[in-house]
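First chain A sits with chain B, and in the next complex the same chain sits with chain C.
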Partner chain A sequence: MFLAFALITLGGAFALLIQRNAVQAGLCMMLSFFGMAGLFLLLANPVAAALQIIVYSGAITILFLFVVMLLQSHREEPSAHPRYIQKILSAALVIILALGAIKLVQSSKTLADIQAASPASDLITLEKLGERLFTDHLVALEAIGLLLLSAMIAAVVLIKKEA
Partner chain B sequence: MDIGSFIHGSLHTYLIVSLLLFIGGLSTVLLRRNLLVQFMGIELMLNATNLALLAFAKWRGGDVTGTVLYLLIIAVAACEAAVGLALIIGMFRHRRSTDTDGANSLRQ
Partner chain C sequence: MSDFFTSLGVYIPIIWMLVKILAVFVGVMSLSAVLTWAERKGAALIQDRIGPNRAKIIGNIRLFGIFHLMGDGFKLIFKEDLVPLHVTRGLFWIAPLLAFVPAMMGFAIVPFGQSFEWHGHVLHMSVIDPGNGMGMLYPMAIASLAVYGILTASWASNNKWSMLSGMRGTANMISYEISFSLAVIAIFLQMGAYDPHEIIAAQSSMWNVVRQPLGFLLFFVCAFAETNRLPFDFAEGESEIVAGFLTEFSGMKLGFLWLSEYVHMVTVSALMVTLYFGGWQIPFVANPGPLLSFIAFALKLLFFCWMFIWVRWTLPRFRYDQLMFIGWKILLPIGFANLLFYAWLINKGVV
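On to the complex of A and B.
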C-alpha cells in the first residue's frame, strides 16, 4: 500500500513538471494530493487525510483551476530565448539534489535510532486533536483565525479594480 | 534498508518520498515559465514538508502536536494561495500574460 500511494504522489508531481497544459497540470497536482492523503492514512492519521482531501484536493485545486480558466492561460507561451544552458544546469542541480537527499537519508544514524526506538503509536482521532488544540495551542488557533481574515481582506483589496 | 521497508514504508522511505516531492516542486518552479504552474510547484513543496512532519510525529509514538502543526500549516497555505492568486491576477491585468520570462522589472 505504501508503495502504491508513494508512486501516485510522485507520479502526480512528475506529471505536473512535464505537463504542457495548465489545467491538466492542476489535475496532476490534485492526483498528487490524493496520493498524499493515502500516505497520511498509512501513518495512522485519518484526521490529516480528511483535511488533505478537503482543503488541498478540494479547495486549493479548485481555486487554482478557477484562476487558470479565468485568465485563459492554459498554454505556455513559446520562449523568446531557448536558454539551453540554464535548463541543463537546473536539471543537473535537481538530479544532484535528489541523489544527495536519498544518500543522506539512507546513511543517517540518527534516523535509524529514531526508527529503532519508536514507541508503539496509536490512531490520532479528532477528539485528541481538538483537546490539544483548545488547551495548549489556543493562542495559535486564534492567530490563525485572524490570519485567515486578513488574507481574505488582502485578496479582495488586491484584485479590486481601482475606482 | 530492505525491500520490505520500500513496500510497507518506514521512516526512511517516507522521508525519501517527502524529499523527492520537494525536489519535484522545486524543479517545477525552476524549469517552468507559467506563473500558475510555478505556484502549483510551491504548493507541492509545502505538502512535502507536511509529509515529513507527520512521518516524524508517527515515529514519536503518534504525537498529536504534529497534527496540530499540520492544521496550522494548511491554514497558512490557504492564505498564501489566496493572496498569491490575487497577485497573479493583478499582474495579468498589467501584462496580459502569466509568463515569468517577460516579468523582469518592477514597474512598466
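On to the complex of A and C.
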C-alpha cells in the first residue's frame, strides 16, 4: 500500500515537472496530492488525508487551473537557447540537495523516536486535532489567522485599484 | 442453513463488504438511470405535457414510458464514438470518469440502514464502517474533486463554449463549496460528532432540520450549486453556451457525463437525508430494524431526488453576477452567522 501511494505521489510530481502543458501539469499535481492523502491515511491520520484532498486537491489546484485557463496560456514558451550548462548544474544541485535531505532525515532524532515507538494504533480524529491546535499551537494558529486575514485584505485592496 | 452461515465465521465481514459495495454501486447506478426518466417525465408533468410514453416492449407494455430508459442506454452505447480532431485525446477519454468516480465515491460513507447483528457479527449498512476517523469529511473531500470532471472535460474539448462552461462551472462550484462546508461544520458543532452513524444516532429525538433550519436552507441551496443543477447549471447553460462542457462529447462518454450528474444528485440527497433528516430513522420508532430503516432511508432519498427535479423545472437560471452575489454576499455571511450563533449557544449551554 505504501509503495502504491508513494509511486502515485512521485509519479504525479515527476509528470508535473516534465509536463509542458500547464493544465495537464495541474492535473498531475492533483494526482500527486491524492497520493499524499493516501500516505496520510497509512499514517493513521484520516483527518489530514481528508484535509489534504479538500484544501490542496479541491481548492488550491483548482484555483491554479482556473487562473491558467483564464489567462489562456496553456503552453510553456520554448527557450531561445538550449542552455546545457544550466541544465547540468541544476540536475547536479537537485541530486546534492536530495541526498542531503535524505541524510538529514535519517540522522534526525525524531525518526529514531518514531521507529522506537510502537506503530500508531489510535486514529487521529477531528476532536484530537482540534484539542492539539487550541492547546499546544494556539499562538501559531492565531498568527496564521491574522496572516491570512491581512493577505485577504491586501488582495481586496489590489483588486480595488484596478477597477 | 444456519450452520452454514456460522461456519463462514470470519469471512462474514468480507462477504458483507462485497455485498454492500455491489448493492450500493448497482443501487445508485440504477436509481440514477431511473432519475433520467423521472426527469423527463417530471418535466412533462410540470409543463403540462405527456412526456415520453412511446417506447414499448413485449407487444404493448409501456409502463409510463419507462422503457425509454433502455432505449436511451442502447442508443448511447451503440452510437458512433466520435473524438474530434482538435481535442486533447487522453484527457478527453478520462474526463467522463473524472466526473463519474467522485460522484459515485461520495455515497460510500452514507449509512443506508440501521446496523444489525447477524451470527455474531455487527454488520453496518454503509460501505465505509463507522469509526474510520474520516466521517463526514470524506464526502466533502470527494465532493471537492467533482470539479475536475467539468474542468477536464471542458479543457480537453478545446472548444470556446466548453472553455467558458468550465470557467463558469468551476467558479460556481468552488464559491458554493465554502458555504456548503460551513453548514456541515455547524452540524459537527452541535452534534459533537462527525461520523455519519453518530450524527444519525444523535437525531433520534429530533431531526437536525428542526434544530438548524437555517443551516439546512444553506446546505440545500449549495447542494444545487454543487451538483450543477438548475438554477445553478452554469456549466451546461444550454441557452447560452450550446451545451457547455458536454458540447464535444458523444456516445457513452456523453452518457457517463450525464449519468454522473444524476449520481451526484443521489449522493447529495443522501447526505442531506443523513445530516438533516435523521438518515434511516423513522419518527417515534426506536429500533426500526434493517429492512424498515432501509425503506425509510430510500423514501427520504427519493423525495429529495424528486426535489431536485421539481426545482429544476420550476425555477429559471440565475444570471452569472447574481450567482456570485448570492454565493459570496448572502450565503457566506449567513453561513458564518449560523456557525457563530450555534457556537455561542453551545458556549451558553443552551443546546
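Details
The definition used in the following text is that the second predicted complex is superposed on the first by the 131 of 163 C-alpha atoms of A that agree within 3 Å, B and C clash if a C-alpha of one lies under 4 Å from a C-alpha of the other, contacts with A are read in each partner's own complex, and residues count from 1 in each chain.
Heads up, the rule we're going with is that a residue touches a chain if its C-beta (ideal position, glycine included) is under 8 Å from a C-beta of that chain, and two chains touch if they have at least 3 such contacts.
Note that the structure is a prediction, hence the values are computed from the model and not measured.
Of the two partner chains placed by the overlay, neither chain B nor chain C lies in contact with A:L146.
Look at A:L70: by the touch rule set out above, it reaches both chain B and chain C. When the two complexes are overlaid on their common chain A, residue A:V47 makes contact with chain B and with chain C alike. In the superposition on chain A, contact of A:L16 is made with chain B only, not with chain C.
Shared-chain residue A:S57: touches chain C; no touch with chain B. In the overlay built on the shared chain, the residue A:Q24 is in contact with chain C alone; chain B does not reach it. With both structures placed on the common chain, the touch criterion links A:I85 to neither chain B nor chain C.
With both complexes superposed, B is the one of chain B and chain C in contact with more chain A residues. Legend: residue contacts after superposition of the two complexes on their common chain; A:L123 is shown touching both chain B and chain C. Counting contacts by the rule stated earlier, residues 44-45, 47, 51, 59, 63, 70, 123-124 of chain A appear in both its interface with chain B and its interface with chain C.
On the side of chain B, the complex with chain A involves touching residues 1, 6-17, 19-21, 23-28, 30-34, 36-37, 39-41, 43-44, 47, 50-51, 54-62, 64-65, 67-68, 70-72, 74-83, 85-90, 92, 97-99, 101.
Within the complex, the chain A residues that touch chain B are 1-3, 6, 9-10, 13-14, 16-17, 19, 22, 25-26, 29, 32-33, 36, 39-40, 42-45, 47-48, 51-52, 55-56, 59-60, 63-64, 67-68, 70-71, 73, 76-77, 79-81, 87, 90-91, 93-94, 97-98, 101-102, 105-106, 111-112, 114-115, 118-124, 128-129, 132-133, 136-137, 140, 144, 147-148, 150-152, 154-156, 158-159. Those residues of chain C that touch chain A in the complex are listed here as 88, 91, 131-135, 137-138, 140-145, 147-148, 151-152, 155, 163, 166-167, 170-171, 174, 177, 181, 188, 194.
Note for the complex: chain A touches chain C at residues 23-24, 27, 30, 37, 44-47, 49-51, 53-54, 57-59, 62-63, 65-66, 69-70, 123-126.
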